[in-house]
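The same chain A turns up in both complexes below, where it pairs with chain B and then with chain C.
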Partner chain A sequence: MEILIYGTVNSFKLILIAFGFTLVYGVSRLPNFAHGAIFVFTGFVAWIMMHKLNLPFIPAALLSLVSAALVGVLIYQVILKRIRGMNMNEIIATYAIGVAMIETFRWLGFKGTTFTLPVLFEGMVFIGDVPVDYQRLMVVAVGLVMLVAVWVFTKFTKTGLALRGIAQDERAAMMLGIDSDMTATLAMALGSAMSGLAALMLFPLGSIVVEAGYNTLIFALAVCMVGGIGSWGGTVLAAFVLGFLQVITVSYLATHFQMVVTLGAIIATLIIKPSGFFGKHKELEERV
Partner chain B sequence: MLVAEGLMVFYENMLALNNISIKCGENQIIGVFGANSAGKSTLMYTLSGIILDQMKKEKMRGGEQITVMGEISLFDQDISSLKPHLRARRGIVLCPERRRLFPESSVLENLKIGAYMATKKEAKETLDYVLEIFSPLKKLLHRSAGFLSGGEQQMAAIGRALMAQPKLLLLDEPLLGLSPAYQQVVMESVKRIREMKKISIIITEQFARPVIPIVDYAYIMENGSRVMSGSGQELLDNPDVKAAYFGV
Partner chain C sequence: MKTGMRKERIDRGIKVRSDGIYALSSWREMSYLMAPRALLVGGLLLAPLILHFFPYWQKVLLIVCIYALLSMAFDFLANYVGLVCLGGSFFVGVGGYGAALLNKYLHFSPFLSIPVAALGGAAFCTFLLLPCLPLRGVYFAIITLMYPLMMTRIIEAFELFGGTNGMMDIAGFANPWAEQYFLIISTLVFLFALRRLAVEDIGLVIRGIKDNDQSVRASGINITVVKAQALFCAAFLGCFAGAYLAHMYMWAGLSMFALDFSIIPIAATVVGGGGCLLGAVVGAILLVPLSEALRAFGPLRIVSYSLILTVVIVIKGEGLLNYLSRKYDQFERWVEI
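On to the complex of A and B.
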């Protein structure tokens, strides 16, 4: 029972962390390795707004989400736009930006465990005989709302449909008047905001530490690779598989094996089915 | 409405289009015929601007160098350097070779994505219209586009292009791989589209026979050059053309 509940919570945690990454890659084939840095960035921005500018939590959270989206837009407009299509360069550039962001925070003195975000609702409930605090239930709820929101957005709005079009065949979408730069910018903004949302939901469970930036990136990558990079359904499925694996590892082995299992899953995926659960290797474009 | 003058396209130093000039008047259907590798698709990519995107990506990757020269104007405005999505906004919509539907989306969703530039009202009207001329699609609306047969895919692809409210519709090899029965259906519908929507259409095809009855004017291309042009009847009467492109 405990494994079931905490496994579910942990799975939604991974969904929150990974979905933004997979969205950006799925739509625009951009691997955003600054994903983890944006996660930490949002946490610190929210903290600064609350403690230096004395804003209440909700406006601080909203503002930090907006700034996360802005960082995403900036990364695309200033850098990625110029190197788009060269995967290795995209990875190196975004990873470098990520490291720079994280290490800047460390350099500015944001280290240790003194930085915390408040939970939205205090208290806990018992499900069966397992105690679960409200914040963890919120993680599940927000994760579900996010998935439903993305589904509605991409099914029923014009812009969302444009994203689906670009994701499946960029040039065919261009022929219909869809601007690839616009959709990529939008995807980066949304993906970064999702990473920020994950931060706002997850940091209250512990404290804001810079190292979380690296761990988050690795978790996001693991989920995306196991699920098939860019596949939205695969991401959700992989989040559940890894989510439960991690919880089982923690309860039967030890906490620090969590990362080993996660990385092991990447390696196992690469050996058994390199494209992941639902991944597809796009065929090379034929010559005209 | 569309005037293209002196189009030259090089892939590295291979000449793909050699000084091609092509004109399309309002409400006309123009045919472009030629064998494989004659440059038909390159011409379509050049008119729709996709070639600029190819050029940009190849350059970034340090791959082959694509050079494009010549002038294209639409309604007397120069569009030679406009990006593909901006050309689409001005009314040039390409229905590409091998259809390139969005395979994971349903037919309905493909049509909806096509309606990106349309207003709600236009989208609804065009959807009704598309389902009227391509009535077999009605039953397939919720099927994913990757699982359709070639003919059904072609109908969906033309439908999707129509949803984008084209003023000039470019059809690149719409009959490729279709049975003669479906070829007939597609050609009939192209004729109806021209009559009802009052738009211009440029069709490329390898095999001219099914297309020639509906074109106002046609060009024949070989190795990137224009070898002949004339009205449908003129081409039909020419013995060389007959032997090479009509299979008589």
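On to the complex of A and C.
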């Protein structure tokens, strides 16, 4: 029972973390290796707004989400736009920017466990006989809302349809008047905001640490690899598989093995089915 | 920019003449070919003598060589084989721990343990990375990023090899001159050996794999085997650097899997210019002393590195050496369209 509940919570954590990455890659084929850095960035911006500008949590959270989206837009407009299509340079540039952001926070002295964000609702409930605090339930709720929102957005709004059009066939979409740069910018903004949302949901469970940037990136990549990069259904499924695997490892082995299991899952996926659960397209071209 | 005009680049006559080996008939042509190489070789060989009076910068020179090796490994993998490896520190760590173990338990001397650790470590790394070899582009980058992190976690979790403290009391080099020239000469030998390898038959196949692996496969060549061989070469350089580091610091520990060993070589390759191996070395020669100067700033070092890297990628993607060699080999003029 405990494993079931915490496994679900953990899976939604992974969905929150990974969805932004998979959205950006799915839409514009841009590997945003600065994903983890934006995660940490949002957390610290929210903290700075609350403690230096004395804003209450909700406005601080909203503002930090906006700033995360802005960072995403900036990264695209200033850097990625110029090197788009050069696969290796995209990876190196976004990774370098991510590292620069994370290490800047470390340099500014944001380390240790003194930086925390408050939870939205205090308290906990018992499901069966397992205590679950409200924040963890919030994670599940927000994850669900986000999934539904993305689904509605991409199925029923014109902008969302444009995103999917670019994702499916960039040239055909461009011929129909969809601006590839605009959609890529939008995808970066959305993806970064999602990463920020994940940060606002997950940091109250612990404290804001710079190392979270690297770990987030790795977990996001792991989920996307197992699910098939760019496949949204696969991402959700992979998040559940990895989420439960992690919780089981932690409760039966030790916390240290979490990463080992995650990497093991990736290697196993690569050997058995290199394109992940649902990553059908581009199988030959890109992976093998 | 003039209107109606276009800039044209043409190879210099001397380059055309000296490209074919038969035409090497004058001192001028020979020195045209030899000068850049002689500058590098001579410079590196003389450097320890000149720096004899600055012991601190002597150490920096060794670190330059170490990063030059790592950058060569990255450049070779990325620009010849087409595998972007974000986890160079994996090689360093494996080589370092390998040398430490050989020295501590089998009492190998540094000059024996470094080559043995490099060979063994390269085999080990190649074996571990074998399942990832079919991957390309983003996928390979992602997975190599994780390997060093994973090694760190495993060593922490099982308390292997001294756990978080690392292994101490590893033998150092007895003679400082031997210490320096061993590394410098090895670096030069590996540089020219790898450049030669790239123009041999196997090098052609390797570059073919980068450009179009399906057609190489269609010619009946097993691409996984060739990729594994190329990876072995790169891993050998990385492990060699790591093994040397272990003996230089007389210590092997978790920080050998640190980010520095992954990101600085990438920066060096990009700044120096990828695709000719020499650029990687030049990049290391430029960047490492800079990083030593920035050492006082702590984490800002990595920040400035990453920023330099991004700016260079965006503004001058070809790198310094490719730019210089273009100026050296070609002249430009304006022509009417």
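In this text, the second predicted complex is superposed on the first by the 281 of 288 C-alpha atoms of A that agree within 3 Å, B and C clash if a C-alpha of one lies under 4 Å from a C-alpha of the other, contacts with A are read in each partner's own complex, and residues count from 1 in each chain.
The criterion applied here is as follows: a contact is a pair of C-beta atoms (placed from the backbone, for glycine too) under 8 Å apart; a residue touches a chain by one contact, two chains touch by 3 or more.
None of these values were measured; they are calculated from a predicted model.
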| item | value |
| --- | --- |
| Chain A as common anchor, with chain B and chain C clashing or fitting | fit |
| Contact breadth on chain A, by residue count: chain C or chain B | C |
| Which of chain B and chain C A:106 touches, first, second, both or neither | second |
| Partner chain(s) touched by A:207 [first = chain B, second = chain C, both, neither] | neither |
| Angular separation of chain B and chain C about chain A, which is computed from CA centres of the superposed model and rounded to the nearest 10 ° | 90 |
| Which superposed partner A:169 touches (first chain B, second chain C, both, neither) | first |
| Which of chain B and chain C A:83 touches, first, second, both or neither | both |
| Contacts of A:179 with chain B and chain C, given as first, second, both or neither | first |
| Which of chain B and chain C A:116 touches, first, second, both or neither | neither |
| Minimum Cα separation, chain C to chain B, after superposition on A (Å) | 10 |
| Overlapping contact positions on chain A, where the chain C interface meets the chain B interface | 83, 86, 288 |
| Touching residues on chain B, where the partner in the complex is chain A | 16, 41-42, 45, 48, 50, 53-54, 57, 60-61, 83-85, 88-89, 93-96, 100-105, 109, 112-117, 160-161, 163-164 |
| Chain A-touching residues of chain C, taken from the complex the two chains share | 78, 84, 86, 131-132, 134-139, 141-143, 145-147, 149-150, 153-154, 156-157, 214, 259, 263, 266-267, 270, 297-300, 302-303, 305-307, 309-310, 313-314, 317 |
| Of chain A, residues touching chain B in the complex | 83-86, 155, 158, 161-162, 164-165, 168-169, 171-180, 288 |
| Residues on chain A engaged by chain C in the complex (per definition of touch) | 25, 31, 78-79, 82-83, 86-89, 91-93, 95-97, 99-100, 103-104, 106-107, 214, 218, 221-222, 225, 229, 254, 256-257, 259-260, 263, 266-267, 270-271, 274, 284, 286-288 |
